[in-house]
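To keep things simple, chains are lettered A, B and C as they appear, and every chain counts its residues starting from 1.
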Amino acid sequence: MSRKVVEIAGRRLSLSNLEKDLYPSYGFTKAHILEYYRRIAMFILPHLEDRALTLKRYPEGVEKDFFFEKRCPSHRPGWVKTAEVSRDYGERMTVCLINDLETLIWVQNLASVELHVPLARVGSPETPDFMVFDLDPGDQATILVCAQVALILRDLLSRLGLTSYVKTSGKKGLHLYVPLNHKGKTFEDTKQFSRAVAVIMEKNYPDLVTAKMAKKYRKANVFINWAQNDSKKTMICIYSLRAREKPIVSFPLAWKELENAARQDDSEKLQVIHSEAVITAEKQGDLSREVLVKKQKLPYL
Amino acid sequence: MAGGTIWKGYIHFGDTNVPVKLHTAIKEERIQFHLLHSRDHVKLRQQMICAYEKKAVPDEEQVKGFEVEDGKYIIVNPEELGQTAPESSRLIDVHEFIKTEQIDPIFLDRVYYLEPDIHLKGYNALVGALMEMDVEGICTWTMKKRSYLGALQTNGKILRLNTLRYADEVISVKSLGLQKIPLSEKELKIGSDLINQLTGFFQPQKFENEHQKKLHTLIGKKARGEKIAVLLPRRLKPTAPDKLLQALKASLKKVA
Amino acid sequence: MGNSRSDIDTGEVLFKQGNKMAVQGIWSGTISFSLVAIPVQLVKAVEPGRVSFRMLHSKDYSPLARRMFCPEEDAIVHPDEIIRGYEIRPGKYILITNEELESVSPQRSRTIEIVEFINMNEVDSIYYDHPYYLVPTKGGEKAYRLLVEVMRRTNKAGLAKFVLGEREYLVAVKSMGGALALMTLHYSEEILPDEDISPRGGEIEAEEKSRIKKIIKKMMADFSPEKYADERRKKIMDLLKKKAKEKVPVEAPQVEEEEGEGPADLIAALKESMRKVKMKR
């Protein structure tokens, strides 16, 4: 297997196993993955910046064993930016921060196909930058049912004065983001708020929504996982690849797109593959940019 | 009186065997409060409640689980757990001896007194040897299905067994993330002088559990229906870094 | 998809050990000696390595929790409705509030006041109870470092008393590896006398003593606690790893928080907004 040395921003990186096929059913090698991330870099980097990274590594490909890695590998190059985070028991741990292209490439060379990040940045780990609604369909529900729920949720939130943005999870679900981007609120607040919202959604649309995690409640319903609003939880980063049969991306959608797909009953439209992701992003720019900059306040708290 | 006998064993090293009985060495003084329902002052009981159903759960419906991931558990039954228990043994196996004072207090857990069992058989000799050589024995033993690590010590009269924490149970100072801050020789000198001025002999009998005494007084007052003045706790203002030298000098003046 | 395995590179185990406890800060306040005051937080210095299990409900694997239960009403009691009582006669209680408890030692709450320093080697190890670390909070870093350094140089520890929770402790604050360690001590009255178990009379056993000393000499070493591991813990972890391979871990249902639905204003606003949303659809 080949080894290649590249130079990015004056830094040397040794890339390995470039021909290794990490998506064997589809045919997508490590080189392809690196290329994807290189092209999506300018869109994904702002969403990764200063967030304690959890790597999800698939060294033998997406159909074999994976492992999570929260600690920044000790064999990292000296220029990889890191941060110290607190864990339980007063212990501290060093995590990787992907703040530049070269670190993104380095991480991808470790076959960390999926990138998971917390909702808060390292400097202020108890202050979420946004509130999320993780819409997770039950076994018998589809992404289109999720779309219906997302559209109702967006309507409800806008009546409370909150603008929200949606992305595909890259699997069967959707993620709704409500940007906050200010100091005032903690995870306690976002958790409480999102829970209240989830409960009222369940009360009013019992055949569509559940706010309870137990599998028995899900089946044909969409589970609104409000508990993701926690300093210890991570979400798949927007624009990250998913380790599924095909290299599908967790991709932002315009509300209009979601409405069209729901109306046309076309779930395919909501599965964005790597090539489409790059083309769309390059053409339209980062649709989720507002998630990082828009300042909103949670009312009634 | 020392506490009752809780276990019997043999101190063993080489071909030396000293039979002993373990006694607790500490008895904590505490005023016991009961928890009551504020509404009707009924004494509350502890129950195991199912977090999901919000109801009490009988013993037969309780199982042990180990949390591997948030909300995900591996269930173990009593038989399986029982098999992991160490074999019962009465041996207190001494593996090595170390000079006393090597063990940092952070490792010390509980203390037991050892009383000679049956007859003296080597007990006094061991006390004398440990005392004269100024050493402690590092030993392991099994008691009530648990494995222990400990230090065999003496105070000149009797033997004691001090259980120790395992190395990975002690949190390292490094993990606290403390900063290195430069200090001037002057600050260090005055600080050291101050400490030396404030040094006395360790006389633990001087210290009484005053809080307990005051609590008794408070309870007595309330029982008699007397009024209690509730004072707010005082919070000291922290010494600013640039005022540190000044504070040190003033303190030294006070005590010298 | 594949199964997860442990992260070998950095020794981080996928299994989480122990219960989740509060991060940082068991207590925060000030430590003082003479006129110097340092803002600090008390944090844990040791963590039991014993594998801890949660009790679960066998029906749905929901975690069980200990709650206070009122036998009269046959219901769980909310923490706000719990009060402390001292039983002066069977069934007759004197009620004590948190404020009254804290007021009993007003000068000592929130402050660890070092009244004197002592030589560490004067303290018999039997006095040590539980260890903690003190870490400086904002603004106290310099004074903290000074105290650590001068106690290290003079090889002294500070003696103080402080109230934590319901109890007052006698503590020794010492310098350890660049940090301040706080050890709670037992009061003298808590240390049981050993006279009644100490051997009365008995021969000096000089020959036996000599023989033992020879063996001790051969068995001398330096204290390195890393040599010893908790065997039972290892066996339990092996059992758990084996079981993890055989069966997928069970999942507990989502727990709803006891506090209720949320702040009244928010609920009202949500209800109203939901009404409008449904009307439109």
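One rule holds in what follows: contacts are C-beta pairs under 8 Å (C-beta built on N, C-alpha and C of every residue); 3 or more make two chains touch, one makes a residue touch a chain.
If you're wondering where the values come from, they're calculated on a predicted model, not measured in any experiment.
Ranked by how close its C-alpha mean sits to the mean of all protein C-alpha atoms, the top chain is C.
A centroid comparison over C-alpha atoms places B as the chain most distant from chain A. Here the spacing of chain A and chain B, counted between their Cα centres, is 46 Å. In terms of their C-alpha centroids, the spacing between chain A and chain C amounts to 36 Å. One finds 10 Å separating the Cα centroids of chain B and chain C. Within chain B, the positions touching two or more other chains are listed as 71, 171, 176. With touch defined as above, residues shared between interfaces to two or more other chains in chain A number as follows: 89-90, 213. Residues of chain C found to touch two or more other chains are 14, 43-44, 47, 60, 133, 251, 253-254, 256.
Against chain C, the residues of chain A that register as touching in their complex are 58, 60, 62-71, 73-75, 86-90, 152, 155-156, 159-160, 192-193, 195-197, 199-201, 204, 211-216, 227, 243, 299-301.
Residues 1-7, 9-10, 12, 14, 20-21, 23-24, 43-44, 47, 60, 133, 251, 253-254, 256-257, 261-263, 265-267, 269-271, 273-274, 276-278, 280-281 of chain C touch chain A in their complex. In the complex of the two chains, the chain A residues touching chain B come out as 84, 89-92, 213, 232. The residues of chain B lying in touch with chain A in their complex are 70-71, 171, 175-177.
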